[in-house]
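Have a look at the structure that comes next, please.
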Amino acid sequence: MTSELLQFAFSGLTVGAVYALVALGFTLIYNASGVINFAQGEFVMIGGMSTVFLSALGVPLPIASIVAVAVAVLVGLLLWALAIEPARGASPVTLIIITIGASIFLRGLSQTVFDKQFHSLPPISGDAPVRLAGAAVLPQTFWVLGGSFAVVVLLWLFLERTLLGKAVLATAANRVAARLVGINTALVVGLSFGVSAAIGALAGILVTPITLTSYDVGTLLALKGFAAAMLGGMGNPFGAVVGGLAVGLIEAFGAGLISSDYKDAFAFLVILAVLFFMPAGLFGRRSVERV
Amino acid sequence: MVARFATPLVLLVLIVGVFFAVDSSFILRVAALVFIYGLAAIGLNILVGDCGQVSLGHAGFLGIGAYATAVLPAQTGLHPLLAMVVGVVAAGLLALLVGRPVLRLRGHALAVATLGLGILVAMVITNEAWLTGGPDGMRVERLTLFGWRVRGADNWYWITAGVLLLGALVACSIKASPTGRALRAVHDSEVAAMVAGIDVARYKTLAFVISAVYAGVAGGLLALYDGFVTPDVAGFLNSIELITMVVLGGMGSVLGAVVGATILTALPQLLTAFSEYEHMVLGLIMMVVMIVLRAGIVPSLLALVGRGGRA
Amino acid sequence: MSALAAEGVGIDFGGVRAVDNVSFTTAEHGVTAIIGPNGAGKTTLFNMLSGVYRPGRGRVRLFGEDVTGEPPHRLAARGLSRTFQNLQIFFQMTALENVMVGNHLGERHNVWRHLLPLPGVFAEEKAARQAARKELQHVGLADVADRPASSLAYGMLKRLEIARALVAKPRVLLLDEPAAGCNATETEALSALIRRLAGEGLAIVLVEHDMAMVMSLSDRVVVLDQGRVIADGAPEAVRADPAVRAAYLGVEV
């Protein structure tokens, strides 16, 4: 029984780590610009699919991965420059429709550039499961968890220890004040799209050996990532990571212990319950309406 | 006075005009689909455009209407039209039940809550295969009215057009009434609305119920018209399409909802020959329209015409 | 009986006592002013009195009845209305429609009748429009009735809020800095309006920084500083109070 629970925990943490990275991407862009970017899941897809097709062309995996991340970053920057920046000042729901349009466009583009099949990647350290207290864990799981952890640490270092990172934080705290002290907030928004794209693509590359990828995996990931970011409290990077892991764990345990058919339902039930009592999410800022 | 009848009249002229201008049962069938989704979009617009509350799960109500119309005749032998009425009432009751707790949430929290709601409905439909046929969907009993089997593109065109017109008339009446004004007040400033004596929670729930009823009717019509339902009707992508129709056409504009529904419904049908590029074209149109015409197609164009007229 | 009474009202925001143990009563008609330096908690107090915030401590009474924590729309039904320091205009409506919303409680709200274009509803709407037009006339906005609210100047919007509050025929009216951003002429017109309303039997509670206006209009002045009442009395007495002078150090009272 314990080994079974451990098994659920590992699979939950693995998908949860991906949700956490997607939620982190949502959070970065939201903090910089107030935009909820529903094309976030497409970055994950682009990371996975680009790596798959580059390695099929004979490019070694590490180089293919780097190029894939670069492709995603380029897409992220183009999305910002061509669709978000021109619509600056539009209402939130208008911006959401623009990012949904971008998501549909990118899905269509990759079904043309790539194909409509499911693809996998070879695991980095083979596929012989590691026995851990009775649970069989794929080595790739550790790559996903370790990689995600590294991303979170690097992001934290960037935000806390670099001038550019502090500019991002300042913009998140107060956009107008940031502009007044000379921060190029438009650039910060562009940067957030680039970084979010890179994070998403990396998640896509790491998880593809376990969950497979195809042109349309982005939609569900964006949904779960958005839900995770809301659960943790939109705008709080720590909350995004906790929310992502929580959604992954709830899904894994719900599917394992109760019903796999309703796997996706458990996460949303928990989120509805949490929002009912804490409308700002677990770690969100509670705001008092000023009138 | 004019405000209540202008849009239904424009729609009536368009509906009659299209019928006599085209001689293709394919286009009439697409048009019927446009009318059905237009009805759902008009309803959702009352919630989103007038009252200012977003719903990313509205296809759930569409699904309830559609599946009630499909399941009840198959299981109990109920007349499809009565089954549809049951579905509409069920959609409205669900909205009434969850409206208050869900609509306490604002902005993105409301978005994720309605999203979850829609997904839950879609999951029940997908998973309870003993009742719904599961992911493969189920056949819907053909509609028979007083011994007349409803069939053919022409008949469905007029039936769906009639319901759309009624829906537009009701929406325009609400808009021009104290109820519509209260909804718009909630949209603009909740606190000022409260101070004016408006029970904000009640009006938000009212808008939610009205929009759910519209979606339930549209779902029932969709089932009867298609003769087949699949869980996709309640799915997340359908919810996104519904909200996109509203925003693209223009929030708060009844005509805009129909324009948005036309683009999102007719375009994929007309692009089937280029199915490779269908998504790319759709995504591109959504982005370009929203960047250029931020307030949505109809309100932005009206503003342009208005400015031109004054100049 | 007092129109509006606060009894030991207080609220905290994140551990900070924004308003603490505030008590005062207002007469059934006439003008009560609440003054105090910036950040003294005047608007927060207003938000508690009008039901926008639920008081953390204490009670609020309206015509003797305990209305603590009642939502604004219920208080509106009991005859309390207010305006806002940060304008809360329905910007997607015309000036006239803004005022018509104010008359919400005076309208029939049977939703079923609003689903179809019924002649009865047309007639009621016509009457509502006339009532709203009359109220706009009172505040001098008759000329701009059909203009979108978003096209009106700041001073006009201030008066629009007052018209929207008045059309509901309240018995208690809270005005949050009505003269802020108004020029001398506008302020004078506003003072005349407030004086007339008080004369018609309305209880008015006023938050205002324009001391000349406060002193000339008020029957009674309550002074807040750091969330507490530091003085309460007739304008002349309050003006002479040393504690008030200390709180307003450097400001001519």
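Lettered A, B and C in written order, each chain numbered from 1.
Just so we're on the same page, a residue touches a chain if its C-beta (ideal position, glycine included) is under 8 Å from a C-beta of that chain, and two chains touch if they have at least 3 such contacts.
Keep in mind the model is a prediction, meaning the values are calculated, not measured.
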Quiz item: Using CA atom means as chain centres, which chain is nearest the centre of all the protein shown?
Solution: B
Quiz item: Among the chains, which is located farthest from chain B on the basis of C-alpha centroids?
Solution: C
Quiz item: Taking each chain's centre as its mean C-alpha position, how far apart are chain A and chain B in Å?
Solution: 31
Quiz item: So, what's the distance in Å between the C-alpha centres of chain C and chain A?
Solution: 47
Quiz item: Quick one: chain B and chain C, Cα centre-to-centre, how many Å?
Solution: 41
Self-check item: Shared interface positions of chain C, touching two or more other chains
Solution: 52, 84, 88
Self-check item: In chain B, residues with contacts to at least two other chains
Solution: 191
Quiz item: If you look at chain A, which of its residues touch at least two other chains?
Solution: 289, 291
Quiz item: So in the complex, which bits of chain A are touching chain B?
Solution: 36, 83, 86-87, 90-94, 97-98, 100-109, 111-112, 219, 223, 226-227, 230, 234, 261-262, 264-265, 268-269, 271-272, 275-276, 279-281, 289, 291
Self-check item: Of chain C, residues touching chain B in the complex
Solution: 50-52, 71-73, 76-77, 81-82, 84, 88-93, 97, 100-102, 104-105, 107-109, 111, 113-118, 121-122, 124-125, 128, 164-165, 168
Quiz item: So in the complex, which bits of chain B are touching chain C?
Solution: 1, 4-5, 169-170, 172-174, 176-182, 184-185, 187-189, 191-200, 206, 252
Quiz item: What does chain B use to touch chain A in their complex?
Solution: 48, 54, 101-102, 104-109, 111-113, 115-117, 119-120, 123, 126-127, 191, 236-237, 240, 243-244, 247-248, 251, 276-287, 290-291, 294
